[in-house]
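What follows is a set of structures for review.
Below, chain A partners chain B and then partners chain C, in two separate complexes.
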Partner chain A sequence: MSRRPPRGEYIETDTGNKVARKATLVGTQNIMLGGKTVIQPEVMIRGDLVRSVQSSSSASSSTGAPANNTAVSIGRYCFLSRGCCLRPSGRLYKGAFTYMPLRMGDHVFVGAGSVVQAASIGNHVHIGAKVVVGELAIIKDYVRVLDGSVIAPNMVIPSFSIVAGQPARVIGEVPEGGHEDFELREMYKTVGNNVNPAPS
Partner chain B sequence: MAPLTPYTYFQCPCSDPSTQARPGDATGADEVEDDERTFDPRAPRSNYSLYPLEYLLFCEDCQQIRCPRCVAEEIVTFYCPCCLFEVPSSNIKSEGNRCTRSCFQCPICVGPLSVASHESQSDPNLLPAPDNAAPPPHAGSFILTCSYCHWSSTEVDIKFDKANGIHAQLAKIRNGGATRLTAKERKERRKDLLHAGSASAAAAVAPRPEETPVDGQDLDLETQFSNLKFFYQSQLIDATSGNSGLTSLSDLGFSSPTSLSRIMNIYTGGSLHDKKSKSRVGTMREALDSDEGLKLADLDESGAIEKLQEEGYDGTISTKQRLSQPPHLGELHLHGNSRFTSQLRPIPYLLRTKRAKRCPLCRHIISKPEAKVATTRFRIRLVAGNYVPSISIRPLNMPSASSPALSPPQDTLQPLKPVQFLLTFKNPIFEPVKITLATPARTPGRFASKVTVLCPQFEIDANTDVWDEALMKDGDKDNRKRRKASADENGQYQAEAGKIWERGRNWVSIVVEVVPASLRLDTLAITSPAAAEGEAIDTGPIREDEDVLEIPMFVRVEWEADTAGDDIGSALNKEKDGKEKRELAYWCVLGLGRVGQP
Partner chain C sequence: MAAASSNKRHSILPPVQAGGPKPPVQFSSSITIADSAILTGPHLIAIGSESVIHPRARLESQGGRLAIGRRCIVHERSTLGCAPANRPALPSPVGLQTTDASLPGVTLGDYVTVEVGAMVEAGNTIIGEGTTVGVGARVGKGAVVGRHCTLTPLTVIAPGDVVPEFTVVYSNGQRRTDRRGAAGLRNKGQARQIDVLRRMIPSNPGKFSQ
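Up next, the complex of A and B:
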């Protein structure tokens, strides 16, 4: 991580990402940020868990060309709260273990202390605090995951679901009027070096 | 107790008795009644009419709020929540409301089940050939596993030959691996029985009664039902062909043709009803053997008791698990209703729907999602948040610490200490609105808190473009962004009656002062307003959530809209062209917080 003269709590990139200095990003070359994304302190993103087997025909060879090495891709206006962890999940693919990339859409909020191992997360998703999103789960758009839920591995959560429980189940529907609550533009503005002068 | 975050609920007019009685009336006519009747947020009925703003819709033609309870829903699409495939409605009729692909839920924990290949135990003994281990997955080599609780279908001895079409495969397998008849096979078997039966009928009738119970053991629920149905149908046919003319008294009771055909109508979907049923009289016999659907109840529970002793309480299923089981799947018969976890079957996912919503009065569509499963867009989405001013609440922090009595408490409200709250009204429409508020001076309920709205009447500017404000002249800006700081010369802010606290582009904040009631039961006799009127006082213990301070508030919104304006529908009073007056009035409930208990 580069050190820059203004010692704020966050590093602000050209595309508007605000990455906390105290966040742990492993394998940064495999992490894609869409812009305007906030990464709070103590967040961990495991970019090193990159796909080892390319989807080629030969099952045993793991020498595939580095065509797409993105391990974690994050859209715009995402908000990763303090202490959460994004970790690509792995599975056996044609006899060999490989990690699958974690794709995250726009306006995704991940609460404090949550662990996300999903395969894909849609747009406008709110994941509460202390949530575990199991391996290869798929969360579609406009989903609200309440605090403390544990989403079972391989689970698919359709759009407009409110999910809670251990294991998580769909407990309700996001009402028509609640779509705007998923917008994270305002929240993006509340965090940063100028707004929030380092309460650490 | 968890601190309560302030909330605002809005009342839908559908539960209002005055609007129910005369739905065509304009709101103005009801105004007089509404003024006199105070809405009680604690009334049992209120539970069903109060919603957060985002749950409410708005009918432009009726100019009214509509809640999830009163709208009429229409299903746009059925889809499986797991594989997200759309299911045509014709399939729903024929296949039922569950996903018929390979989507299953774990019967133990409702987690999703995934298909996994299963290495059977006999494999290593047979031939340990590593080179062709992968290719031939045959005969029960796939299972369903739950990766959350590690349940797998091997626990109920279900294995699959193929990795796809699990639903069809499962329909043929009973728990334990035995085959199960499908509806088609059952029909064919019946045909065979008929042919065989007619030949050997005479010989078989006499020795039957003793043998049938044993025979009936393998009769599963669906076969029994179809046998019974067939038997009764044939009975009915016999009855119509037979003579008629007995007394109508025999038409009652279970074994009469009319009541029988009526019952069968209920259970088999109504195709059996015919007009001649009245003329059919006479009693009919009941089913006598298993071919006719007779199934003797197996009252011997010793097996279940033994199993219970073996497995203990953990081996039994919970009510939730039992309820989530699809009906009539894999059950041998009614009396052996699955009671042990070892009898549970994988649950095919229940389908989910996308639904359009209509106004209950004018039948206009007020919400309609796109039909495709993958899209999240809406064709029509008239949410109340775009028409009704939102209300947000926060405790008013006095900038100066000069008045400690007014300092807001951390988690609970102190009884009998005045607290001020800031209500911020945000105007979503493109016209300036005039708002009139009314609250009862004392909140309804046993513990009456005193409420004062310092500024019950104010105007909010229109929800103009953000750019308008940015481009506005500085003078205008100051004029609009005035802060109500009347006692500024003293260096402190003071909420003042009749004046708004703060104002922004399309929002206004006002102050509400509350004196929370004391929750002491011994002083209730003195403080309660009912006591003053000489009524009996309920001095029972504090009920659930009775310590939450809830204020009913009547909000009346008035604005002038263009008649030609298309964003807001038809008119209430259309005498003037160009501009017309509109108004909307509703009750809402402000939940401010919990009152500290003594």
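Up next, the complex of A and C:
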């Protein structure tokens, strides 16, 4: 393995996550990263906004630490560009206010300056720059959100759609064979402390 | 197994660098203000009871004093009292004090929500009770937004513009009137949200009050 410089721009974890030192992660104990995820500088993730009302089944087992307190979970090969913000969305549930966890699948790209407050985002989703994803929106797999879109709260976007606009509407479909563009493995390799791996 | 944030690793919260003078503040005893909120400027910043200021929210009083009503929520990365867009930065606070000291910079009514990354420019800007300023929206200098309005994400309100009460501004500046009559319900929801946030956000008003 190549030697690591003592203090690079990114913190590289054992599971291959690359987290910028200048990222603002609040409540890190409630943020789950699936591995090989890139978090660029100035990204903000609100892990402190956890679910405050547990579902009735898990509330009964009140002994010890709560089983699942994850506020934001992110899959593998996700790419969070500079300045984007991920936060769980809140809503009234059974008369009490609670935050709902934000779940993100694999190979999700979030563009620069976007604010994501979705309930769930599927796999292979491309979110452009300056996008606002409204509270409790659900984005399925292989969706492309173009730059500057505003996705309304509670909107459900079906798989293989291309959405744009303010408020966002489905304007097209991902063409056949267009799935390859969503792969983020190559992009993962382009950032980090030593981009060109030194020959051992 | 895939948890990257192990307990060994410290929370990655870079220190906040707030330039300029520390503003005089007038906090109600029941507010919640995050440690990493940023307060700058020479003029008074007043925050009413039970309001919540999220981490990394910016309150700037360079352009006049800031008044935040009761039960407001100011989300992260939003800026209250920022310089107007056409001027990159306000002149030195010393020069401003003589001209704008009597003018309020930004006034938020009660139950106002300022969402993530929204900007409210200084210069006697007034936002009425129960209004929501959406994600990334920008309210221009001297604009008056009425009560119970909704400014949807990325809305821009021009400087000096007047938005009548119960207006919804959406889709690049289109407007309609909100006739749902849900204002009371919304305020109740806001109060519930504050109850939860007070438990979640570690408050440190002492940091700002010296």
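As a convention for this text, the second predicted complex is superposed on the first by the 181 of 200 C-alpha atoms of A that agree within 3 Å, B and C clash if a C-alpha of one lies under 4 Å from a C-alpha of the other, contacts with A are read in each partner's own complex, and residues count from 1 in each chain.
Just so we're on the same page, contacts are C-beta pairs under 8 Å (C-beta built on N, C-alpha and C of every residue); 3 or more make two chains touch, one makes a residue touch a chain.
Quantities reported herein were computed from a predicted structural model and do not represent experimental measurements.
Judged by the touch definition given at the top, the superposed model places A:Val156 against chain B, while chain C stays out of reach.
By the document's definition of touching, both partners, chain B and chain C, reach A:Gly134. Touch counts on chain A: comparing chain C and chain B, the chain ahead is C. When the two complexes are overlaid on their common chain A, residue A:Ile171 makes contact with neither chain B nor chain C. Legend: residue contacts after superposition of the two complexes on their common chain; A:Asp181 is shown touching chain B, with no touch to chain C.
When the two complexes are laid over each other on chain A, chain A has residues 134, 150, 167 in contact with both chain B and chain C.
Chain B makes touch with chain A in their complex at residues 53-57, 68, 79, 81-84, 109-112, 114, 134, 146-149, 352, 357, 367, 373, 376, 378, 381, 383-385. Within the complex formed with chain C, the residues of chain A that make contact are 11, 13, 15, 17, 19, 21-29, 31-35, 37, 44, 46-50, 52, 85, 87, 90, 92, 96-99, 115, 117, 130, 132, 134, 148, 150, 166-167. Within the complex, the chain A residues that touch chain B are 95, 123-124, 134-135, 140-142, 150, 152-161, 167, 169-170, 175-178, 180-181. Within the complex formed with chain A, the chain C residues making contact are 2-5, 7, 9, 11-14, 55-56, 76-77, 116-117, 134-136, 152-154, 170-172, 189, 192-193, 195-196, 199-201.
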